[in-house]
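To keep things simple, chains are lettered A, B, C and D as they appear, and every chain counts its residues starting from 1.
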Amino acid sequence: MSHYDHIKAAAYAANMQLPKLGLVVFTFGNVSAADRALGVFAIKPSGVPYEDLTPDSMVIVDFEGKTVEGKLRPSSDTRTHAVLYRHWAHIGGIVHTHSTYATAWAQAQRDIPIFGTTHADHNTVDIPCAPPMDDAMIQGDYEYETGFQIMNCLNDRKLRYEEVEMILVGNHAPFTWGKTPEKAVYNSAVLESVAQMALLTEQINPRAPRLKDSLIKKHFERKHGPDSYYGQA
Amino acid sequence: MSHYDHIKAAAYAANMQLPKLGLVVFTFGNVSAADRALGVFAIKPSGVPYEDLTPDSMVIVDFEGKTVEGKLRPSSDTRTHAVLYRHWAHIGGIVHTHSTYATAWAQAQRDIPIFGTTHADHNTVDIPCAPPMDDAMIQGDYEYETGFQIMNCLNDRKLRYEEVEMILVGNHAPFTWGKTPEKAVYNSAVLESVAQMALLTEQINPRAPRLKDSLIKKHFERKHGPDSYYGQA
Amino acid sequence: MSHYDHIKAAAYAANMQLPKLGLVVFTFGNVSAADRALGVFAIKPSGVPYEDLTPDSMVIVDFEGKTVEGKLRPSSDTRTHAVLYRHWAHIGGIVHTHSTYATAWAQAQRDIPIFGTTHADHNTVDIPCAPPMDDAMIQGDYEYETGFQIMNCLNDRKLRYEEVEMILVGNHAPFTWGKTPEKAVYNSAVLESVAQMALLTEQINPRAPRLKDSLIKKHFERKHGPDSYYGQA
Amino acid sequence: MSHYDHIKAAAYAANMQLPKLGLVVFTFGNVSAADRALGVFAIKPSGVPYEDLTPDSMVIVDFEGKTVEGKLRPSSDTRTHAVLYRHWAHIGGIVHTHSTYATAWAQAQRDIPIFGTTHADHNTVDIPCAPPMDDAMIQGDYEYETGFQIMNCLNDRKLRYEEVEMILVGNHAPFTWGKTPEKAVYNSAVLESVAQMALLTEQINPRAPRLKDSLIKKHFERKHGPDSYYGQA
């Protein structure tokens, strides 16, 4: 028994969704689940295949990135998670994958244009692609700086993390987050689908226009606005 | 027990086909099943994952879009379904998905050209893409107007809904329909396959010609004409 | 019991491979299995979903295309099969599908260029795409003429059906054949894979050269030549 | 019982991973597992479908390519494996597949550019594509020469087989290797994923730059360097 069983169970369940949704192979990708009151999160151990994971193999880490409990070494991306939890008070889960289409957009160093209502149901803006870090940051505390690269990109574009729950890190791959780890996983799957459809849209019509503002507003508000009527009350 | 158990069962079964056919993820998409004599249809509740659906969770709605029976809120697209049922006397099922390739064509705002016999087996014309609505319609009763956008597009092109059972709504995604919900689901899967093959055809040969009229006529008539010889008598 | 149980069983088993290999959805596609001594073949009934097929539902047809035994109407493509069996003495199975990539090449009306050894393991030439028929043939006995269109295309290019066991019918879709229905199904799956890789090859390098003759010869002969050393003796 | 049961079991298990990972269909592809002390390797028999394989059907071959034990004929690519084992003292497994995307790059005769960290996690260089062999080599001892073609390509580029564990053979398909057959299979799956993402990257941005050196170095070293912190100690 541990004080942390609830977030270990949540992180385990969310990690196991990744291969089911086709977002990872082998040991790629990781999900964390935070308990904000306790100031810690549970995260996938590094380099362990999904089929060998158990709730107990999850590692407990604090928001400074220090391991609090667990026999295994945490994900090599742990410090990126820690930075985001420390600075973003209202998130409870973070996901990192190398899913095929989202990663291709990250490698291409392009924002994903908002072409349709599937995108607008989840975001009112192009999905941002943060530029690759400068060499000093890469050679320094790389995963820690990755967290700042993500935050700086949102700040530069005046986006709020509560509204835009996904980003591409240029040359690398996507990160998503949410109030819960389940929501963060959902966001990773939505991002992958939106990324694929955006490429196909450009292939079908290289001059496809971005979605017009009235439709962006309508679709986002019917799902997320004060008078939303999507889902159950 | 309810007067509506038969359409609840039919709507449930048809909705459950969507994830099996790879046409939806999570809560995206919805199927309705109408009883035209009773003047109502059963439709998927809004925002409920497919694995949690039961026949009893289907919501019964009349052709004005008012809920008649059911504890849950119906799909946010319900009013689009209602408009189509009210105006099209001979349909018994409607499907809306955000399937990958059909949605990409909708986002690209292009009709799907008729390139081959797979297309001609089901339609004699390019699959129409309705233009995005004007801003007044979007800001008004959006889902209601979506229904009119679909009907107006067919009318403008002098197409009959009994013959062309599928459409793309520009910037949004496909709708299909049919005499039964099963047929409407079948049409959604056919549309997705035709949409993928049309993109691939243009990639293989950017100057690929449309199918010639004699082949369009032959394939459609062998499946749907008075002397059709496809399927069982 | 029937004289034809062996070819009914063979045709049934081969038909059931098509959805497993991802080559068909719904009722698309059909396989036949011939008994050349009896002068008949067993073929899928028209418009019956794969999950409803049984060996007994196969229809027995002679090489003139006349039904010999069976309660159901045979595949609408039956006369194409009959023509090929009548003229090609050494084939025992025929497959027709609308598999995604092969059909896209047929719609694009292009031969599939021989780009690599995967192709050369099975064919020494580009996979031919027969031109669409002229209107008189289409309006006449369409499926019968489709058989001649296939044979004429091979003849025009001086190809032997014993060596080239696959073809695209322009604007339509692929046909494959072989000594057995299993081999014909295998050929359909190989064709689909070769068709996908050829498109990807052109996307990666629009000036990709065809495979050079020495490699074509080597790969085909190690699998099919008199001194072949692929497979078991 | 045989002295070779351990490598038969290893080769069997690794071969069975290929269809599970979507890297092969039918009889395509082969994995071998070496015992360097005994100077032999176990390899898939030629032309046998994966579902019919058993550990006992694996063939034992020495590093000259001669069969030492086994009733079946070994893979037609056996001599390529033998050459590599004989010259590369530190590998224990080799894989050959015709996986879709890697084969398409081989057919296009292009190296796979290093576009992102998924690639850099496994390799610091573009994945090399060896040129097709000259005609004399093809007409001679083809599979034997294929092994030299692979070694020569690495030598020409001053790459070490211990660091670059994958290659494309121009016009043909990929080979991968590793200290164990499991690692070689892992490399084949990574290569296929990297190959797909590289094509998508170029489609999204035809001017996508290669990954910068600082990121290449960082990602490779965090997984493979002396101070690596990926995986468990």
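What to note about this one:
Assume contacts are C-beta pairs under 8 Å (C-beta built on N, C-alpha and C of every residue); 3 or more make two chains touch, one makes a residue touch a chain.
To keep track of the chains, here are their UniProt names: A, B, C, D = L-ribulose-5-phosphate 4-epimerase.
In this text the structure is predicted, and so the values were computed from the model without any measurement.
Of all residue numbers seen at the chain A-chain D contact, under half occur in both copies; the interface is built from largely non-matching residues. In terms of their C-alpha centroids, the spacing between chain A and chain C amounts to 46 Å.
Averaged C-alpha coordinates give centres for chain B and chain C that are 33 Å from one another. Multi-chain contact residues of chain B (touching two or more other chains): 202-203.
Contacts between chains close into a ring here, every chain touching precisely two others.
Taken in their complex, chain C has these residues touching chain B: 25-28, 45-48, 72-73, 76, 98, 100-101, 103-110, 132-133, 135, 138-139, 142, 171-173, 199, 202-203. Residues 21, 115-118, 186, 189-190, 193, 196-198, 200-201, 203-205, 208-209, 211-212, 214-215, 218, 222-223, 229-233 of chain C are the ones touching chain D in the complex.
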